[in-house]
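Across the two complexes that follow, chain A remains constant while its partner is chain B and subsequently chain C.
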Partner chain A sequence: MSDLLPTGHKKIEEMRMEGIVKRFPGVLANDHVNFDVKAGEIHALLGENGAGKSTLVRQLYGLYRPDEGKIFINGEEVVFHSPKDSIAAGVGMIHQHFMLVPDLTVVENVALGLPSSRGVILDLDRVRKRIELLCQQYNLKVDPYAYIWQLSVGEQQRVEILKALYRGAALLVLDEPTAVLTPQEVDDLFITLRRMADEGHALIFISHKLHEVLAISQRVTVLRDGRVVGTRPTAGATKTELAQMMVGRPVILQYEKSPLKMGDILLKVENLVVRGDRGTDALKGVSLEVHSGEILGLAGVSGNGQRELAEALAGLRPVKSGRIILNGVDVTHASPSVRIATGQSYIPEERMKDGAIKDFSVADNFILEDHAKPPFSSRTFLNFRSIRQVSERLVQEFNVKTPTIDTPIKNLSGGNIQKMILARELSRKPKVLIASQPTRGVDIGASEYIHQRLLEQRQAGTATLLISEDLDEIRALSDRIAVIYEGEIVGIVDGKTATTEELGLMMAGIREKPKA
Partner chain B sequence: MAELFTLPVLLGIIYSGIRLATPYLYAAIGETFAQRSGVLNLGVDGIMLMGAYTGFYVAMKTGNLFLGLLGAATAGLLMGLLMSVVSVSLQAEQGISGIGLNLFGLGLSTLLFKVTLGGVESIRGFQPIRVPLLGQIPYLGEIFFNHNLLVYGAFLLVPLANYVLNNTTFGLKVRAVGQNPQAADTLGVNVTLIRYTTVCLGGILAGIAGASLSLALINLFQENMTSGMGFIAVALVYFGGWRPWGVLGGALLFSFVNALQLWVQVKGINIPSDIAVMMPYILTIIALTLSGRRARQPQALTKPFERGEN
Partner chain C sequence: MPAKTEYTRLLNRTIEALLPLLAVPVALLIGAGMIYALGVNPFQAYGTLFQGAFGNVSGFTQSLVKATPLLLVGLGVTIAFRGGVINIGGEGQLIVGALAATAFSIGFSDLPRIILLPLTLLIAALSGAVWGGVPGVLKARLGVNEILSTVMMNAIALQLSNYLLRGPMIDPAEIERGTQIAQSDLLPQAAWLSRLMPRTLLHGGAILAVIMAVLVYIFLWRTTIGYRIRAVGLNPDAARYAGIPVQFYQALSLILGGAFAGLAGGVEVSGVHHRMIEGLSGGYGFSGIVAALFGKLHPLGAIPASVLFGGLLVGADRMQRATQVPSALITVILGLVVLFVVSSEIWARRRARRRETRG
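The block that comes next holds the complex of A and B.
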């Protein structure tokens, strides 16, 4: 067998990380981690958010230096001071957040940082020819002269893979590569990854999605709290076993749902047109109805108008045309405070930006909306005693892990901040709840808890609009599922009978086939 | 009014407009590089003053205008280096450190002037050079091809800057660093080095911009002689949509209006001179408001870079 890859670069027969320790202020992110990957293998790295997966591979990519431990490539020790060193050693990385420059073309993004054959003058034509060759060899489809911002997320990911291949990556690290893809795009990615492994690349696949890990990898290593829980051959491993290794206790993978008791329409959106940040219409006539007692899931690939819809409903983004009827009141142009008073609660997508003030204490964050009303204040003066009482109660009731209620919210973990926001919003007993990405970046334990509370709220008669890019979450909770694509609702299907394939096609903009 | 629209006056306005655009072009093209890499340098005006003073002083003492120019560029480089250390390495708030740099340049140039020269003196600056052949064309030759060296340099700088930004590996790195420094970093681009380079280049050009005042346009040095030109240069970068050709358009528009108002005053037309002086600035505000091209703004502008942050 040749020791060269189709790109003409040398294979990495084996990469080994031994006894890796990485400390951050107050956190032991990696605690004596051993990890290895071989040519032709896909090795999955599984773990919750904050388990230390990204930290580990960032050391392999030269973004961090290990405090202790060694890295070996083909048996020789290597030290990476910056990504430049690791690229030179044949390591490539596909980051969770794409590392692309949106205002540059595909060719420019690939050529960035590389020496040119014409000295200081760019040789983009040569770069294009090699990109086209790589596209052929690895069966990738991309237009080299397109600007990144014109590409779909799946295409952008292909550009990332091209960038790594172009630089001669023999070992490719993929950090949560499927998080932003439709199910069909995931299938395409997996075909590419298998092909790369067959050609002799070594691949590290990071994920917290069990079914993906089972589908793609040959071996799986589970990390928890910075430590390796175990490494297993994927053949023979089960979802339940891996989930338990990941969380450290048995996990509910399926929720019990009470029967649906659908009531009146509490939230009605009619032909909503809203402008996005680029000035074009991000929502092009969206109509939805959410009934009391149901959870309407809004599925879709990131950036198809979900954020704009959530902001328009919360009153944070002006409506160009159309109507929003909340609990019988037209609130289309009403301020957020009117909507809150009419019985709407909002869990924003970016909790640190829109959901909490990070330097404020837990207690102060609890009263953000209602601080001007009894019991929190009377005649403009804050009533600290009742603020403390209510805060203490909410922290207890919603299981928010915080040293005290005076702790600044920024010192809490993502899951606990989200529980704080949930506590604030649900304690107002909302008629309508807009939950946008409620468990993004939250660990499994807290996700489970948040999901249970959302289901309780459903039983209590709240009309919930659940906006999520996590299809598993949508499918687990929703009574009906609406799919949004490029600012339009492609279709609404029954949550019980919808299949992943059907939803995936809709998420790619392909309309539901009329039932025969 | 009618006396403004005679041929000699119109030619005069165009000629002075081109001349007056020179310092703005140097300063704004330099600032374009800095901003395209993500650094807003508000200290341009102070750097120009340092350049104007140093250029004037060196030229005066050595009797060599080119040494003066070199001195101005060196002063600009040092000021640019200072800005880089503060805003790139120490990651200070760019807007504030720029204002600080500006006041520093204003104070230091005034102090040095008082200590070393004291009074108003003037020198014989760069003289117009008529371009062979082209300079002989009627009217056009007079307007376009009978300027001093620094004017030609400023106008040649525009296509050069455009080429460097769009067609060289360095330019690609600058654009990438200004849009997404994290991405550039993961590809092994040295973000800090690129930003140092562009800010220092901006400093050198701002220094030359200052020298174009003291060695070619006015031929003397006065305390605060730029009177805010550096800030107009920063505004021109926004107006020009961070593109050298756009900056050229803005600089010409501004300078033509400026030349027009000077002629209005010379001709004694009945508009209060204070209002006339205000016209170019009012125009700048209106143009900036109307242009509204925020989508073209480098995404990382004013944001310090730290590795590993997303």
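The block that comes next holds the complex of A and C.
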């Protein structure tokens, strides 16, 4: 076999990281980690948030320097001072957030930052020819002359992969690449990744989704608390086993749901039209009904109007037309405080931006909505004794891990901040709950806990609108599933019978076939 | 090595906490360079400065007299900052407060002292609140940048004062004598704040200011309105999410900030000059911002900060008399203090962020 890749670059036969230690103040992010990947292999790196996956690959990409340990490429020790060094050695990385310039074309983005073969004069035509060749070789469907802003998220990701290949990546790191994709786009991505492996690239695939890891990788390494729990060949590994390795204890993958007791309609959205940040309509006539005791899941690829819907329901974004009826009250143009008083709780998508004040203590964050009501205050003066009492109780009850209730929230982990918000919102005994991405960036343990709580709330009769881009989460919890695409509801299906394929098609905007 | 990381973290924290305090010595050091360039011995100049400010009873009481308006303005600035808005209008609010206090007490001079004095100060605060409220309402309703509008309100207040002191409010005695000095008639004695020490200018306003600092502390940290102001200042998005009307509390912060600066103006006429004079504010509206920043935007921290800066202002005058170093130098030093305090905060925040991501 040739030691050259189709791109003309040298293969990385083997990359080995030995005894990697990386410390952050108070945290041992990587504790003597050994990890390796070979040419032609897809090696999955599995672990919860904060397990040290990103820290490990960032050292490989030259973003961090290891405190201890060595990195070898093809048996030779390498030291990367910056991504420039690692790119020169053939390492590429696809970040979760794309680094593309929206107003430039694909060709221009790929050429950006590279020297031109013709000195000061651009050689975009030559770049285009190479891009077309790469697209052919790796089964990537991209129009080289499209502007980035015209492309879907999946296509943008392909451009990122193109960029890395163009720069000669023999080893490609993909950090949670599927988080932003529809199921069909995931399939396309996997075809490309397999092709790359066949051509002799080495791939590191980071994920916390077990079924994807099982589907794509040859080997899987599980990290927990900065340490390697184990490396297994994927063939023969099971979901249950991997989940247990990740969390360190048995994990529930299928929730026991009590039978559905659907009551009155508590939240009714009629023909809602809402403007997005760019001034165009982000919601184009959305209608939904959520009943007491039901979880309605809203599935969809990121950026199809979910955020605008959540904000309109919370009263944070003006409604252009249509109506919102909350518990029988028309709240279409009501302020957030009216909605809160009418019995709506909201778990916002961006918990640090909207849901919490990072410089406030845990206790101060608990009273964000109800500080002007007893028992927290006599309207004028805050009652610190009862604030402390309630805070202590909620921290216990919702298992929020914090040194004290006076600790500023910014010192807590994402999962614990989310549990704090959940505690605050659920302790208000809401009639209607809008939960937007409730477990994004939260570890499995906390996710599981949050899911259980949402199900308890369902049993207590709350009408829940669960907005999530995580299809597994939607499917595990929802009684009915609505799919949103470009600001419109494509269809609403039964949660028990919906298939991933059916939902995936709907998420891509293909309407539900009329039942024969 | 947990011990070591714990130790370095503690060290880092300490450095960050002490850094703003270094702003004063570093600013003085640069000032020393300037004094040296003027051909004066910096030790001698600073010697007279500190001797003049804190070295004897008359100097020290004078420092406290200057500290009083600084503290009141600083409290207003603190409230505004805590509410996430920046009030640069202390100067104008102070002038308007002083004008209103003067006009009111002269107009109602037959009222008994127990009513007239509190009402005079209240009127001063209210008119300052109106002056701060205009930018507040403009911001809440139309999103007008409060930094610009408060500065513009300063110019309006100054011209208003110039007009009133040369026209409607001028001391009749000045017209009779034909000297035409732009100052008002004397306030009725019933509207004077009591002097606390014989043969000094120290007056009851100093005590009032300290009481106000404690009240502002209680207001910001113990009441629901204070909680909302702080929530709005730290994260307006989250405050809005929680049903707090953000614009209202931003406007309220500016109104309250104006009230304290207006009160400072009332205290100045009623406690020190006993009449409205031109140049009454003497830059307190700006120096008060420095005092608030140096007090780490904490009402109680503003107390020592105001005393220090009041002392610098007094000492600067003595220094000028003794060594011919212009007292304006102290304005430069105050400016440098602001620069260093603000940049040290930014620096500390960057360090903290870098530690979080990189270690």
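Some points to look at:
Criterion: the second predicted complex is superposed on the first by the 514 of 516 C-alpha atoms of A that agree within 3 Å, B and C clash if a C-alpha of one lies under 4 Å from a C-alpha of the other, contacts with A are read in each partner's own complex, and residues count from 1 in each chain.
The working rule: a contact is a pair of C-beta atoms (placed from the backbone, for glycine too) under 8 Å apart; a residue touches a chain by one contact, two chains touch by 3 or more.
Everything numeric in this text was worked out from a predicted model, so none of it was measured.
Contacts of A:D359 after superposition: chain C is touched, whereas chain B is not reached.
Shared-chain residue A:Y64: touches chain B and chain C both. In the superposition on chain A, A:Y346 makes contact with chain C only, while chain B stays out of contact range. Touch criterion met: A:S335 reaches chain C, while chain B stays clear of it.
In the superposition on chain A, A:E369 makes contact with chain C only, not with chain B. Within the superposed three-chain model, A:R23 lies in touch with chain C and out of touch with chain B [touch as defined at top]. In the superposed model, A:I325 makes contact with neither chain B nor chain C.
Residue contacts after overlaying the shared chain place A:R379 against chain C, while chain B stays out of touching range. Comparing the two complexes, residues 64 of chain A contact chain B in one case and chain C in the other. By the touch criterion stated above, chain A contacts chain B in their complex at residues 58, 61, 63-64, 82-84, 87, 93, 95, 97-104, 108-109, 111-116, 120-122, 163, 167, 278-279. Per the touch definition, chain B reaches chain A in the complex via residues 167-173, 175-176, 179-180, 182-189, 295, 299, 307-308, 310. On chain C, the positions that touch chain A within their shared complex are 5-6, 8-9, 222-225, 227-228, 230-231, 234-235, 237-245, 355-356, 358-359. By the touch rule above, chain A contacts chain C in their complex via residues 22-26, 29, 64, 314, 316, 335-341, 346, 348, 353-360, 364, 367-369, 371-372, 377, 379-382.
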